[in-house]
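Listed after this line are the structures, all set down as structure tokens.
Okay, so chain A shows up in both of these, paired with chain B first and chain C after.
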Partner chain A sequence: MPPVPPWLKKLGSTLVTVAVTILGLLFVTFMIGRVMPIDPVLAVIGERATQEQYNEVFYDLGLDKPLIVQFAIYVANVLQGDFGTSIRTGQQVSDDIARVFPATLELATLGTLIGVFLGVPLGVLAAVRRGSWIDQLARFVGLIGYSMPIFWLGLVGLLLFYGILNWVSGPGRVGIFYQGIVEPITGMLLVDSTLRGEWEVFRDAFSHIILPASLLGYYSLAYISRMTRSFMLEQLNSEYIITARVKGLSERKVIWHHAFRNIRIQLITVIALAYANLLEGSVLTEIIFAWPGIGQYITVSLLANDMNAVLGGTIVIGTIFVCLNIFSDLLYRFFDPRSK
Partner chain B sequence: MKQMRCFTAAAVAALMAGVPMAPALAETPPNMLVIANRIDDIKTFDPAESFEFAGADVSRNVYEKLVNFDPMDLDAGFGPQLAASWEISEDGKTITFTMAEGHVFSSGNPVTAKDAEFSLRRAVLLNKTPSFILTQFGFTPENVEDTIVATDDMTLQITLDKEYALSFVLNCLTATIGGIVDMETVMANETDGDMGNAWLRTNTAGSGPYKVVEWKPNESVLMDLNPSYGGEAPAMERVIVQHIQESATQRLLLERGDIDVARNLSPEDIAGLDDVEGVKVIDELRGRLMYFSANQKKEMLADPKVIEALKFATDYEGMANSFLKGQYTVHQAFLPLTFLGALEDKPFSYDMDAAKAALAESGYPDCGPIAISVRDAQERMDIGQSLQNTWGQLGCDIELIVGTGAQTLDRYRAREHDIYLGAWGPDYPDPNTNAGTFAYNPDNSDEAGATGLLAWRNAWDPGEMSDKTLAAVQENDTETRKQMYLDLQAEHQKVSPFGVMFQQIEQNAMGETVENFVAGGATTAVSYWVITK
Partner chain C sequence: MNELTSPSTKPTWREWLLAEEPTSRRQARAVGWYQGWLAFRSNTLAMIGLIILVFLIVCAIFAPLLATHDPYAQDLGQRLLPPGFQGNLFGTDSLGRDIYSRLLFGARISIYIVLLVAMVAPLIGLIIGTIAGYAGGWIDVVLMRITDIFLAFPRLILALAFVAALGAGIENAVLAIALTAWPPYARIARAETLTIRNTDFIHAIQLQGAGPVRIITKHIWPLCISSLVIRVTLDMAGIILTAAGLGFLGLGAQPPSPEWGAMISEGRKYILDHWWVATIPGLAIFAISLAFNLLGDGLRDVLDPKESGQ
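Right after this comes the complex of A and B.
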């Protein structure tokens, strides 16, 4: 039997890790949902239902079976692509997620891009000019970003930029006149309107997304700039940087070709984490801006004990975290030959 | 987190009060109505299954019923809609409806008695949560073929298990479950013998002024005119209801002119609109009641004098004039105002001397520990804290047990609470809807499991009041029936372990050009077809 190529071994172990991680995540979420002191039957039928109707739904949901059997049935259904029906929306969970996830993906991606493009240079500058006004500014930005409740900033942002200055459009993904014009391809309005050549819709959608994306971007920026500053300071105090300077290299080369190159790997982890957090943790932003995203979907479903929806959302978010981790690993290998 | 959000929202509301808004640049088109509302409770549009507030709003505008309320004169009660007239048999058990002409479904099919027969039978056969509204008249899956019969295209006969007040039966037919669906369209979309239930969850097939064009759960509902609508063409050709969770966001949208109506503004935001030009606020009494109730399995709370003390130690006006201002009015009877026979008397006011005197006469002059189950909604927690304060002055040791709606409800249905602080809305616009739950409990045993009855949940045996409640639904003389409910409520106020405190006022803010916005009062849901702007 020919030896298994190393890349195939690596792929196999990665897939097993992914499967075990997601299965474990599902198991924990499923069990939490089942042991929560909330009656899932009442969530379906409401408080006015008769005992007979209650019993019917109780058996329909399979709640008479042992927990482990319920879990096994759920996993078997998921493997066949059946995530079940949401009791809150009455629709297939897969359809719900296909509708809400692109909205979050679009928002989080733009937010992360803003955070990276502003946060990384700000962090580098703050480290290079330590103690200067730029450093103070970076710290101030970071402090505000960490300490201000996003709910407050969102409402104030809406009041200022939409209510008073009229620079951006209000809540929602697109204005009422543009709803339903673009036939979905990816579900992300900016992408779909571009692909369809609907530039009016693109402009309107951009005007709606820019404020919540900037808000999320600001929170990412605060985190990314602070971490970048910290990583850079560590590098700038290293002996090889002193050597480079002694050799007469320009400051630009010292900073970007030597110090910055060495923090890229750490930055990738930071950015991936920030991105993943925005994908699942922007619930309040979604509520304020009436943004129908997955964070709000999972949270509201959890409060209504709509466990099919919660589990479906958990699979998506869990898969994204795992994929981002794998992606980070791949980038490590690309940027750092030692990890190959 | 919710309290933090309320605080920041209030802070933003205060900020908004002090800064001038940009002039309203956007304006919705004159033939389009844009509404901001919380619509995340919509699970289905099927009238046989829909039982939520936002769903009822859609249903009322999409489905016609045999009889219905005129939004411009809700006090007049039910009147003809799909049925032009009706007759009751001598034994009072069979009602014969003659269908009106000129009503057409959005598919173009005319509305016939066969559609009405199908719709009512279907509601019984599907046996979804609201089916009790029809099955209380003796309809069962086994007998609907005999008891709900279209004798021809224009005549429908329904046969009840016994004689009921005609007004009771017809009031029930105005509920969402009385919506008449297009049999042909619905059955063309039947899957696995579900009588079109799955299809009707996301689609509509009615003869009302509008049809649902698009529904995105938790996002929006879009309704367009039913091109075949038989009535006068509505001025609003398109209605868009957007799900906007936050009050402050709704207010911003309204002030900017991006929406016509904001339906969930907080008292702070309503107050903030006082000086805003081009916006008005309309108050409307709704059917929702706020009450506390005492579990009669708890020895101390089964003492009538203790309950009397608690009722006197409640600061009704203080709450209504502070954190509930504009949102609730003091009301102390189980029928909401505007219902037939609603009692306006308010025998209890905040009187600590009377409360202490009643407690002294009880078997528990020092009171004792009382746990109040409260749902984690802001207004209920505020009420709970007020009760904790004033009841505490009696010497009671009050603990608030805050939980999600489902958690508190689970305890309530299991009869495990001490005091439950709850809200109750009518299921259908007849006095029996509340009398039949607040004052009716024929079997108080645990085994009865009558979880739908509030009296049972509180382990309270109303005695003869159960019989009186049954007698009232059979009384055909309206004035006598009204008096029966007035008497029932007066007795209930005195002897029951229920402390009804408030009735909801809905405050809807809208552009000043919006006319005829009727949220539905205490009896029905919103009517978009009469709105102009």
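Right after this comes the complex of A and C.
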């Protein structure tokens, strides 16, 4: 038998890690579903059902079997994309999530783009001009970003840019006149309206998304610029940079061709983490901006005691979170020659 | 010739605290604390953080004395008054309750939540991390795998699901936040334990016949505390924000309790016409988490210069 190449071994161990972590996630959500004070049978049939109906559903749900068997059934169902039926909407939770998820994806993607395009240059500049006003500014931006409750900033943003200045549209995804004009392709309104050439809808959707996306972008900006700064500082203090300067290379070349090139992989890792955080952080923002995404779906279901929907949403976000985490870790290990 | 005559006089407190060669264990410890304090005091931002925090704690302690109104007393005739109007410093909310007085009592809730989480989460992490680090072998693998699983979870979402299962309320919110916050502490405690485990003084205690429980609790835990304290201080802002987020969603403290997140949630409907109802509690949350962030950064610079990235 030929020896297993090391990259295959690494890939194998990573896949095992992903599987174990997701299994752990399922176990936690399963246990949450078990300890909750709501009777899952009554949640399905209502309170006025007869004892026979109760028993029937009780056996249907597999509640008579040992816990470990119940867990196995649960995992098998989830792996097939079956999260059960939502009590609130009366539909399959997986269908509901497929419908609301693109809205969150759109919001988080735009937010991350804003964070990257502003945060990376800010971090690089702060590192290069260390101690200058731009470094102070980066520090200030970060500090505010780490300290402000995101839902409050959303409210203040609405008050200022919608209520007083009237620069953007208010809560919601698109104005009432433009609803349902664009036939969904990807589910992301900006993309769909571009593909269909509906520029009016695009403009209206953009004026709705820009404020929440900028706020989310601000939070990832705070994180990305801080990390970029510390990565850059580490590079700028190393000897090859001194060598490059001694050789007489221009400052621009030293910074962008030498130092920045070496932090690209680390940066992608950070961006992936920032993206994962935004998917999660969008929960509160979606509530403020009445954004019909997965965060709002989870919260509304939660207030209606619709546990299937809550746990389904938790699993979807958790899985994406885990995958992004591990993806960034993998990227790091494969492309950074030092870790080989 | 002052120096020659002075040795007989008693050293001042300052000299005693700055002694190069402490003469007792107590003095050595006091010197360490005092030098740390001097380093901390020179950090302006950290001092600002400390001052804000002390101010908020004093407000919370003396809330009944400082409050101008009963925080729960409703008066529908006085609803939505603007700040400064008729003796209501920050105005009134939709039920006519004085926002200033509610803020003062709300500070108690926030500090209560932070303190509880800051005690529970590091303790869980400390226990798991030191056991994993000291025991090694398969126990280490299993415990760290569990830690990694929890670390990979989205925190707010998981806390939401926990609260949904346990029922809304402050204690459950604390439990949910603590259950999602412990993994980083476990990692730190394990890393510290691994470096301590093979030192000579631990071997010496083992030879004296000390059991693992005694070694972990009496000899390893005290050495893990300082790095945990830094991490906890840095995390406190995050704890406040998560707690406020849960309160905002209606899953933390229940009405009519003056929790800041819940107050923002109540004021949300009136944001366009009566901005102060939602804005002022948000400023309070911002102030306390900013204070914790400044303080945490300062503490890190003092206690752990290597990590500060300066």
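Just so we're on the same page, the second predicted complex is superposed on the first by the 255 of 340 C-alpha atoms of A that agree within 3 Å, B and C clash if a C-alpha of one lies under 4 Å from a C-alpha of the other, contacts with A are read in each partner's own complex, and residues count from 1 in each chain.
Here, contacts are C-beta pairs under 8 Å (C-beta built on N, C-alpha and C of every residue); 3 or more make two chains touch, one makes a residue touch a chain.
Keep in mind that this is a model prediction, so the values were computed, not measured.
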Next on the checklist: Looking at A:322, would you say it contacts chain B, chain C, both, or neither? Reply first, second, both or neither.
Outcome noted: second
Next on the checklist: If we overlay the two complexes on their shared chain A, which of chain B and chain C does A:287 touch? Say first, second, both or neither.
Outcome noted: both
Next on the checklist: For A:310 in the superposed arrangement: first (chain B), second (chain C), both or neither?
Outcome noted: second
Checklist entry - In the superposed arrangement, which partner chain does A:163 touch: chain B (first), chain C (second), both, or neither? => result both
Checklist entry - When the two structures are overlaid on chain A, which partner does A:73 contact: first (chain B), second (chain C), both, or neither? => result neither
Next on the checklist: Quick check on the superposed pair: does A:98 touch chain B, chain C, both, or neither? Answer first, second, both or neither.
Outcome noted: neither
Checklist entry - If you stack the two complexes on chain A, which partner ends up touching A:89: first (chain B), second (chain C), both, or neither? => result first
Checklist entry - Which partner does A:152 reach: the first (chain B), the second (chain C), both, or neither? => result both
Checklist entry - Is there a shared patch on chain A that both chain B and chain C touch, and which residues make it up? => result 37, 149, 151-152, 155-156, 158-159, 162-163, 284, 287-288, 303, 305
Checklist outcome for this item: Counting only contacts in the complex, chain A reaches chain C at residues 17, 20-21, 24-25, 28-29, 32-33, 35-37, 143-144, 146-153, 155-156, 158-159, 162-163, 230, 233, 276, 279-281, 283-284, 287-288, 298-299, 302-303, 305, 307, 310-311, 313-314, 317-318, 321-322, 325-326
Checklist entry - Where on chain C does chain A make contact in their complex? => result 145-146, 148-150, 152-158, 160-162, 164-167, 237, 241, 244-245, 248-251, 261, 264, 268, 271-272, 275, 278-279, 282, 285-286, 289-290, 293-294, 309
Checklist entry - Quick one: in the complex, what on chain A touches chain B? => result 37-39, 42-43, 45-54, 56, 86-91, 96, 99, 149, 151-152, 155-156, 158-159, 162-166, 170-172, 175-176, 179-180, 284, 287-290, 292, 296-297, 300, 303-305
Item to check | chain B to chain A touching residues, read off their complex | outcome: 4-5, 8-9, 11-12, 15-16, 19-22, 25, 28, 32, 34, 40, 42-44, 51, 127-130, 132, 201-202, 214, 216-220, 222, 240, 242-246, 248-249, 252-253, 255-256, 258, 403-404, 406-407, 409-410, 413, 427, 449, 451-452
